[in-house]
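Residue numbering begins at 1 within each chain, and the chains themselves are lettered A, B, C and D in the order written.
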Amino acid sequence: MYRHTVHYYETDKMGVAHHSNYIRWMEEARVAFLDSIGWDYARVEEEGIVSPVLGIECRYRSFTRFSDTVDIDVWVESFTGARLRFGYDMKNSAGQTVFTAVSEHCFMNPQGRVMRLKRDCPRLYDVLMSLAQEKAEKR
Amino acid sequence: MYRHTVHYYETDKMGVAHHSNYIRWMEEARVAFLDSIGWDYARVEEEGIVSPVLGIECRYRSFTRFSDTVDIDVWVESFTGARLRFGYDMKNSAGQTVFTAVSEHCFMNPQGRVMRLKRDCPRLYDVLMSLAQEKAEKR
Amino acid sequence: MYRHTVHYYETDKMGVAHHSNYIRWMEEARVAFLDSIGWDYARVEEEGIVSPVLGIECRYRSFTRFSDTVDIDVWVESFTGARLRFGYDMKNSAGQTVFTAVSEHCFMNPQGRVMRLKRDCPRLYDVLMSLAQEKAEKR
Amino acid sequence: MYRHTVHYYETDKMGVAHHSNYIRWMEEARVAFLDSIGWDYARVEEEGIVSPVLGIECRYRSFTRFSDTVDIDVWVESFTGARLRFGYDMKNSAGQTVFTAVSEHCFMNPQGRVMRLKRDCPRLYDVLMSLAQEKAEKR
């Protein structure tokens, strides 16, 4: 679980957190999640892996406001070896879901060539595959 | 057509425009589009309408970099009277699509109550409906 | 002491935190400081006080990078009753100062009229004056 | 003269452009200014020069709001060969100054070593020195 507190500078003239910020909070939570499974940024970078966002699908379910805490749950939604999908659920302090999303990622080397994780970084491949299977079994 | 030039402060350590900025460029282009059909922000506000984002689906197809120009095409993808969907296509200066998206919106009064546009603002209803029909006919 | 961790989206193509973000971190730390002296945002708002930034002077002394922790010290630098100045010192995890600043603020009611805190909000006046005197005595 | 139009996402819950954005508009205008004197980013980069911000002093003189146009004047305030200072004046559409600032910069190679422009890039040195002298003569 990653917690973000809404900053004043994240609000807009409607008086709520601007919708673009949730995309940034997804990244904050994703970074914390990778950290928690032992794949912090420094380690990923050492392996020569970059993982750009290919797509996002998200739903804004309720507003958040300045100084609200947002608890963000992240998980591996699916993994094909080439494509990784994270799921996100953001809740306010009342436990109400305010935002849900899925983001899709691929893996590239720093020169921009697509990587095959199974061959190029089998340890990360194994971790992601086992998290994806766990998720599939829960369904 | 709305043109955004990528700012230095929009780049990230990968050397490309950070993916969260495209969500902001969607808003820039949407504002310009509404302006172009005679429904600039001041007029919408006068009518007591706010139009929050309910959801976004987007695909990142190619990177953009500092000082790149991004030409953004926006259109009414569909309109049910309660739900409005905009489509977006962003192209770089070579004419290559770098990003596509759809955003979904509803209509509320400033107190947060959902509006029925047909009754509450028939002129805007008519404009959006005719743009949605035009779009449907082109398919 | 307020701690900010540098987010990926705060980096720029130079590979360091973009300089505009420090202005935002100043605000994060200022909000936390006001909270710590019992004047959280909700209470200030209840009293009908807004406190816009009139000016900033800042020095960038060293770069910070993605995932660096930045410890931010904030204090009341001076207070005249009409003008409040905060001081800021940001240190990296090695204890090295990376950024220093002063920000100046006034006090207005929500309609934009300048307030005289001594008359309009004597309890906040007293707290700020005593913090300013403490600071002056340390010099 | 560089023109920025205030975006919706740049507003905050006070209903005005958040103060941190002016720092970003300074950069937008500085980039456009360097472009106008023949030293666009691509050329500066080719010469192996980076020019980080060392310090900023700014005054917020009036608010700006969503869709306001902000006309930004930038000039070389002073240049010592090692330190370059830009001046900024931002005006709203009524011609009223809303923000003034000075930013200080040094010159480094991509490895972070300080450059002496007179020796390392005499053509840029000459341009900046002549702009600084013009400015001094006008005083």
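In the analysis below, a residue touches a chain if its C-beta (ideal position, glycine included) is under 8 Å from a C-beta of that chain, and two chains touch if they have at least 3 such contacts.
Everything numeric here is computed off the predicted structure, so don't read it as measured data.
Listing every chain that touches subunit A and subunit D alike gives B, C.
Of all residue numbers that take part in the contact between subunit B and subunit C, over half occur on both sides, making this a same-residue interface. Bringing subunit C onto subunit D by least-squares fit of CA atoms involves turning it by 180°, to the nearest 5. Ranked by separation of Cα centres from subunit D, the top chain is A.
Taking the mean of the C-alpha atoms as each chain's centre, subunit A and subunit B sit 24 Å apart. The geometric centre of subunit B is 35 Å away from that of subunit C, both derived from CA atoms. Per-chain CA centroids place subunit A at a distance of 31 Å from subunit C. Along subunit A, residues 8-9, 20, 24, 27, 66 each make contact with two or more other chains.
By the touch criterion given at the top, residues 7-9, 24, 27-28, 31, 40-42, 66-67 of subunit A touch subunit C in their complex. Contacts from subunit C toward subunit D in the complex involve residues 14, 19-21, 23-24, 27, 50, 52-60, 63. Taken in their complex, subunit C has these residues touching subunit B: 8-9, 11-13, 15-16, 18, 20, 65-66.
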